[in-house]
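The data blocks that follow each hold one structure.
Consider the two complexes below, in which chain A is the common component and chain B and chain C are the respective partners.
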Partner chain A sequence: MNLLLLLFFPLVGALVTLLNGKFAKQSALISSLVTLAFALLLMGDFVPDASSQFVVNYPWIPALGINFAVAIDGISMPLVLLTTGLFPLIILSSFGRNISQASFYALTLFMQFGLLLVFTATDAFLFYVGWEVALIPIYFICALWGGENRIKVNMKFFVYTIAGSLFMLLGIIYLHLQTADNSFSIASFYNLNLDAATQGWLFWCFFLAFAIKMPIFPFHTWQPDTYTEAPTTGTMLLSGIMLKMGIYGVIRWLIPVTPFGFLTWGHLALVLSVIGIVYASIIAFTQKDIKRLIAYSSIGHVGLIAAGIFVWNVQGLQGAMIQMINHGINVVGMFLIADILIDRLKTREIATMGGIAKVAPKFAIAFLIIVLGTVALPLTNGFIGEFLLLHGVYQFNIWYAAVAGLTIIFGAVYMLRMYKAVMQGETNETTASFKDINGSEYLVLAVVCLLIIIIGVYPNALLHISEASVENLINQVNSKLAF
Partner chain B sequence: MIDLVWLIPLLPFIGFLINGLGRNVLPKPLIGTIASLAVIGSFAISLSIFLTFDAAQPQVIHLFDWINVGSLSIPFAFQIDQLSIMMLLIITGIGSLIHIYSAGYMSHDAGFGKFFAYLNLFVFFMLLLVMGSNYVIMFIGWEGVGLCSYLLIGFWYSNGAYADAAKKAFIMNRIGDLGFLLGVFLIITTFGSVSFTEIFPKAAGMVSGDATLVLITILLFIGATGKSAQLPLFTWLPDAMAGPTPVSALIHAATMVTAGIYMIARSNILFALSPVTLDIIAVIGLLTAVVAAFIALTQTDIKKVLAYSTVSQLGYMFLGLGVGAFTGAFFHVLTHAFFKALLFLGAGSVIHAMSNEQDMRNMGGLRKKLPITFLTMLIGTIAIAGLPPFAGFFSKDEILAHVYEHNKLLWIIGLFGAFLTAAYMFRMMFLTFWGNFRGTEDQKHHLHESPVSMTFPLIVLAILSIVGGFMGVPHALGGHHWLNEYLSPVLAATNNILPALSLDHATEYMLMGISVGGVIISIIIAYVKYVSKGYVPKEEELQSGFSKLSYNKLYLDELYTAIIQKPLDALSAFFFKVVDKSGIDGLVNGLGKVSIEASKTLRLLQTGNVGFYIFAMVIGIVAVLVYSFIII
Partner chain C sequence: MSTLIVISILAIVVLYLGLFKAKEALLPVSVLGLVGALALAIMEWNSNAAPIFSGMMHFDNFAVAFSSICIITTILVFLLSKNYFEKISNNVAEYYTLILFALTGIIVMVSYHNLSMLFVGLEIMSVSLYILAGIKRKDFASNEAALKYFLMGAFSTGFLLFGIALIYGASKSFDLAVIAQYVIDRPTGIDPIFYVGLVLMIVGLCFKVGAAPFHFWTPDVYEGAPTLITAFMSTVVKIAGFAAFLRLFSICFAPLQDFWMPTLLIITILTLFVGNITALYQTNFKRMLAFSSISHAGYMLFAIVALGAASTNAIFIYAAAYAVSSITAFAVLMLVKVKTGGENFEDFNGLAKSNPFLAFALTIAMLSFAGIPLTAGFIGKFFVFNAALTQYHTWLVAIAVINAIIGVFYYFKVIVAMYFKENQTKQIATPVYFNFVLGLSLIITLVLGIYPSFITNLF
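Showing the complex of A and B:
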């Protein structure tokens, strides 16, 4: 199985979808399923050790030392699975929404190409290309199919993200100039021995790009507006997969490339992450717009993932790896729930809902399971992630863990408040005729709920994929920091 | 037989799946039968394990590796020993009775299938809680029963207040759960494991008062205050009465709420080595016992009386743990499970007969119409009041004897609470079953004794409430305390550390005498007030003077709303509107504006006027020349 096939097939799919106007969504779905099949074949051949596998490396722009270099290791693999696994679900969940334009689906698949590039690139320039390639389609998806304020909100999102990535580009070029072999390869970057001060400002170049993408407090203010105004497919792409680019970047590039920058500034990043957990959760308490509530909840959850990384131990990092997948699954499920509500009720106002559980029992069960996954009930996927992340933070400092742990209380507060307001109590005029889920909605929610429980019951299957690579990466960084 | 132990939780889980999936298609009798048989099957296996188990060491049954990360390994494994066997018997035994009862009680409810699916799921999680061989499996059960409690309290969620009660229960439990979780983390760092069989031998070698152990036990105890409804987290339990009455009996009296006591009994060696924590537990337990008893004195809703009574009795159990009476506390878990399940089911029978009326002011004189319910509830009331030879007498007496030896002041307060218990319980009985009927004609017309499926469990539990205490008859009364001997392998290490009860028999007789005498006086006072004088509390009287404080539950809910919920919501609005929108986002937008303004200004330079460009160029050349001239 060739990695190039996986990478470029979405482009083929995008082209076919574009030409296939009438059956665009079917064509997009098939493309995403084929890509998923490729990813699963790769997974079948994958050996869960620390090595880079399926390596592809061609000179691309030799004069500048730029290579088309991609590979998969235990840190890439889960994200490849996440990306390829969520795409069919995301595409399927748009089926009932009458988006007839082929360009919508073509852009979606084009974005998949960029995302997969980011998660597999072992050349910094290629990584950067993937980073920006993923941004372009999502920009158009949000700008063309979004809500009322889409233009203004989207511009802010775009400028904010681009500003962050320019800092990263600056950092990448600087690092390239320092390499002995005129290279952009990650190995050359890892081998650089820059002084601590240089690594300090380089840390910020990368950190800004990644922190904005995730987003980490206080670089998050583009996110609630964008999530709220984007079409739900766009919100799912952004929250389910795209923000993992930032998290992945921290693990793959930021900390290993600038270990001494991390030594100096990592603690500050950790503090920001922990503040973000509590801050965003508290804001979520009183949100009236269901999409905005989920958006703030996502900031809190991502803050915990980031905190688990910045404490830099096995539990925290493994927790981050598995929680990236869990968060992707749960947030896509949650936004589909929101989308179904908005589609049926024509409003995002939680206060106008109520009593829906009675008229839509299947929907109620799916919603509840996703809520439970989000509030990290044991035997759901969320528990595995939060347990490991909090344990990782705990090993660093008990007080940080106690503060970060407030997420299990606060999460229950805003999630159950939302569930109560939307689903329980008496029905009203608009909710009394609420139609239960069917067809594609049912299928997507069923898969999401099953994944939530399966990962919660048997997480070792996923943890095993990344374990060796994570331990290897930690040792690599720690040995640099040791002298 | 022990190889079949995995079947014990599996059977209710299968019941949950069948009834959950078939809730709308299966006929009601079949649903009730499947659910009941699942739990009865688990009971049968538990019973046979009880009869055959004679190992001095806990038996661990490993199922699969659940979470492995780095050096941390959390197996999905069960542990069977005397403590878990006793819990298994209670959960599946009383669970079976309550399932049978529910088949009658819920027969008219539209959500019949859903109810039994939830009930089976609850039993599954409760079994995981007591069977888990490590703290994380215990935590699965711990939070799982919390989920089922949430689902069952909010069973009639169309009523917004019920849904709120469910939410409140879950959130308050979560506060405790954070403490539990942090305690588990500290256990992992200290012992490198989460498994009981690895932790406890290591802990036994540590010194008493070790700071780490104290911290671990305090964190675990915070978890217990949530689940077992102790101060300051008990206010969810009275609200939990929104659930159907069998749920109150099973979850909020007999099993789930005793999870905290089970957890501490399970971790007995950790607590025995943390005297500071034990003192805290004793004080919290005692305070809860007395405060809840005080509130129960004026409640008019029959289920609320029982709910506060449960909180109060749980307080006594914690008091027992706090003074080192681990067996006594666990003994009280068992006897309380009998008589409190009985009392709740009896109350359910009354409510059923009264067409869903719960206010005792509208009852009265029911003993003739509901003879079985009346007699069995009377037995339960005598048992909880602590008159010999009923079950509650022995367990409460054992706890109070330990308290007496530990600290006389605590004993006096505890004794006072016991008198209150007798008073409010008999007040409930007198208001409900004596005097004249005070309900509507309609209700009077419908009055009937409950069907056999409901009275049968009442009778069984009544028998257990009479004889249940005989498993722990003290030496002073010629017994040999079977329970104490049975549990001794589990408590062996603790018994080496904590002193055994050293009261002479004369003192024990005196303590029993005082307690029984006080209880009888309390009953007489209640009798005079509610039967002889026929007093029925009126709203305005309850809202005045000393009663006001009790009737309004010490205003604790109002207090929590004022000092926690409201400030947090205000903070939420402040963060959202001021910090996020105006502050951080304002700054970001400001930066954007600055760059736009800057570009506007810079753009003005490009006027398209060739003359200006030439002028600028000349200035530039001059500048460069001057620069190089000066520098070089």
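Showing the complex of A and C:
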């Protein structure tokens, strides 16, 4: 099984979809399912140790030592699975909506190509290319099919992210020029021994790009507006997969490449993450718009993941790995729920909803499972992730863990309050005729709920994939720091 | 060398064709002649040519590469000119002739080996352009453009010439090799006159490439001149200016980097900010392109500031990317103007619905201007940044990054207009030639963006 097949198939799929005007959504779905099959085949051959596997390395621009180098290890594998697994769900969830243009699905698949490049690249130049290639399609998806304010909001989003990534480009070129073998390969970057001051500003070059993408407080201001204005497919892509690019970047590039920069500034990043958790949770309390509420809750959850990484121990990092998957699944489920509500009721105001559980029992069950997963109830997927993350933070500092732990309580309160307001109580004239989920919606929600429960009951399968790589990475960085 | 002769003769042949009213033959003859000239230029690649005509010219690889890119861009401009010049003037042959004469001057500018040839080439080019800018005789803006361009051009030529004279006074020669030797032989104690001459030459050349603070003529001239002439000026002429600039500095003045670098550094930073920030406030697409061309001049100046082994390559790639994107932008602008009569951003509204291909081509061109990966513009920026960082100009690159972010705002204005704004314009009919040029530019932009290896190793 060749990794190139996995990477380039979405591109083929995008082209076929574009030429296949009438059956665009079917062809996009088939393409994403084939990609998923490729990923599962790779998973079958994958050995869960710390090595890089399925290595592909071709010279690309030899003048500058740029290679088309990709590989998968225990840290990439879960994200490859997440990307390929969520795409069929996201595409399927758009079936009931009246977006039928071929260009929409082609852009979606083109974005998948960029995302997979980011998660597998072992060459910094290629990583950067994938990073931007994923951005352009999502900009067009959100700006073409979004809500009223889409143009202004998306401009903000685009400029924010590109600003971050251009500074990262500066950092990448600088690092490249320091390498002894004139290369962009991640191994050469890991082997650099720059002085602490240089690593300090390099840390910020990379951190800015990743912090904006995740987003970490105070770089989050683009996020709620963009999530709200984007079409639901776009929101799912942004929140389910794209923000993982930032988290992955921190694990793969930021900390191992600039360990001394991390030593100097990592604490500040940790504090920002913890502030973000509390800040986002408090704001989520006051939201009346269901999409904005989910957007802010996502900032809170991502803040906890970031905190788990910046404490830099095995529990925190493993928690981050599994919570990335869980957050992706849960947030896609959440936004689909919101989309169904908005589509049926033509409003985003939570106050105008109520009593839906009575008229739509299947919907109510799915909604409840997803909410429980999000608030990290034991035996749902969120629990093991948040447990490991908090355990990691606790080892670092008990007070941070206490503050970060508030996220679970806060999360439970505003999520359950929302559930109550939307689903329980008396029906009103708009909600009385609420149609229960059907067809593609049913299928997607069923898969999401199943995943929530399966991962909740048996998380070890996922944890096992990344364990060796995570330990290896931590040892590698710590041995440099001890130097 | 035969390239120069072919183009000179071609210009005269075209003039005679005009005399005998063979209007239909003008375009094919010009294009075929240029293709021939291009082939002759490429044949001289790696021929290890020595300076010829008593050391006046040197047709080395540098000259071949920049001649080729200028000739190719001129061919694209010619292909767009079908039925364009006929509409604004009765004397069509003069257009072709003047552009070819300007190109002759440009070939001299990229292959000179003697400062007098630099001056001669620059003047052949400039005099042709003064006329071209004002060729719409009854149009007020066109006249203004010509007059401004002429006054400013004459003024800057004065600076340049004075600089050349002072350098001659110190080094006793116009020959680049002799001047270079003069600099190398005197690690200390170069005549102060030489330095004054150097500064005056920088001023003169910055005028020609439109770098701030010597850029004030560009927006008015670009806006007033016929669009196709603007396209020619902002691509071919600008590239030639940079080639001449780079040639002079890399051969003669490289050892004096400590002296001229701070000056040029300030000019570069000013150029970037002035170009970008002013472009941000434009509502006219053509004027925006004029200011953006100033900012692109800033990026290309980078490679000269960070003069080194990587500079030539960086400027070459940047220039190639910039040229094809500019041609696309101007081509779409011409079509839109024919349809709506305006050149503002609103005139592009709804273009994606009526003409998806035009909108797509222009989008790729804008992405390339903005430096988004998988387009040629990104590779250009990457090489320029790389060249600058090689010389440890980290802060300069940080400033350039800020400018690239500003650039995104105005390049996306037109994308927003095309895709996200509604307008009930009918489809614009695109002539075959336009489709060919747009398609070719699109392919070049993407191919250079995805697999640039075949031009990254030229130097």
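In this text, the second predicted complex is superposed on the first by the 483 of 483 C-alpha atoms of A that agree within 3 Å, B and C clash if a C-alpha of one lies under 4 Å from a C-alpha of the other, contacts with A are read in each partner's own complex, and residues count from 1 in each chain.
Simple rule for what comes next: a contact is a pair of C-beta atoms (placed from the backbone, for glycine too) under 8 Å apart; a residue touches a chain by one contact, two chains touch by 3 or more.
Worth saying up front: this structure is predicted, and the values here are computed from it rather than measured.
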{"item": "Overlay on chain A: chain C relative to chain B, clash or fit", "value": "clash"}
{"item": "Which superposed partner A:412 touches (first chain B, second chain C, both, neither)", "value": "first"}
{"item": "Which superposed partner A:55 touches (first chain B, second chain C, both, neither)", "value": "neither"}
{"item": "Partner chain in contact with A:19 - chain B first, chain C second, else both or neither", "value": "neither"}
{"item": "Which of chain B and chain C A:64 touches, first, second, both or neither", "value": "second"}
{"item": "Touched partner set for A:159, first chain B, second chain C, both or neither", "value": "both"}
{"item": "Touching partner for A:315 - first (chain B), second (chain C), both, neither", "value": "first"}
{"item": "Partner chain(s) touched by A:129 [first = chain B, second = chain C, both, neither]", "value": "second"}
{"item": "Between chain B and chain C, more extensive residue contact with chain A", "value": "B"}
{"item": "Chain A positions touched by chain B in one structure and by chain C in the second", "value": "159"}
{"item": "Complex contact set, residues of chain A against chain C", "value": "60-64, 128-129, 132-133, 136, 140, 143-144, 150-151, 155, 158-159, 162-163, 166-167, 169-170, 173-174, 176-177"}
{"item": "Touch list for chain B against partner chain A, complex", "value": "64-70, 72, 136, 139-140, 142-144, 147, 150, 154, 157-160, 163-164, 167, 170-171, 174-175, 177-178, 181-182, 185-186, 188-189, 568-569, 571-573, 575-576, 579-580, 584-585, 588-589, 592"}
{"item": "Chain C residues touching chain A - in the complex, by the definition given at the top", "value": "313, 367, 372-374, 378, 382-383, 385-386, 389-390, 394, 397-398, 401, 404-405, 408-409, 412, 416, 419-420, 451-453, 456-457"}
{"item": "Residue ranges of chain A touching chain B (in the complex, touch as defined)", "value": "156, 159-160, 218, 220-222, 279, 282-287, 313-315, 318-319, 355, 357-358, 372, 377-379, 383-384, 387-388, 390-391, 394-395, 398, 401-402, 405-406, 408-409, 412-413, 416-417, 420, 423-426, 458-460, 463-464, 467, 471"}
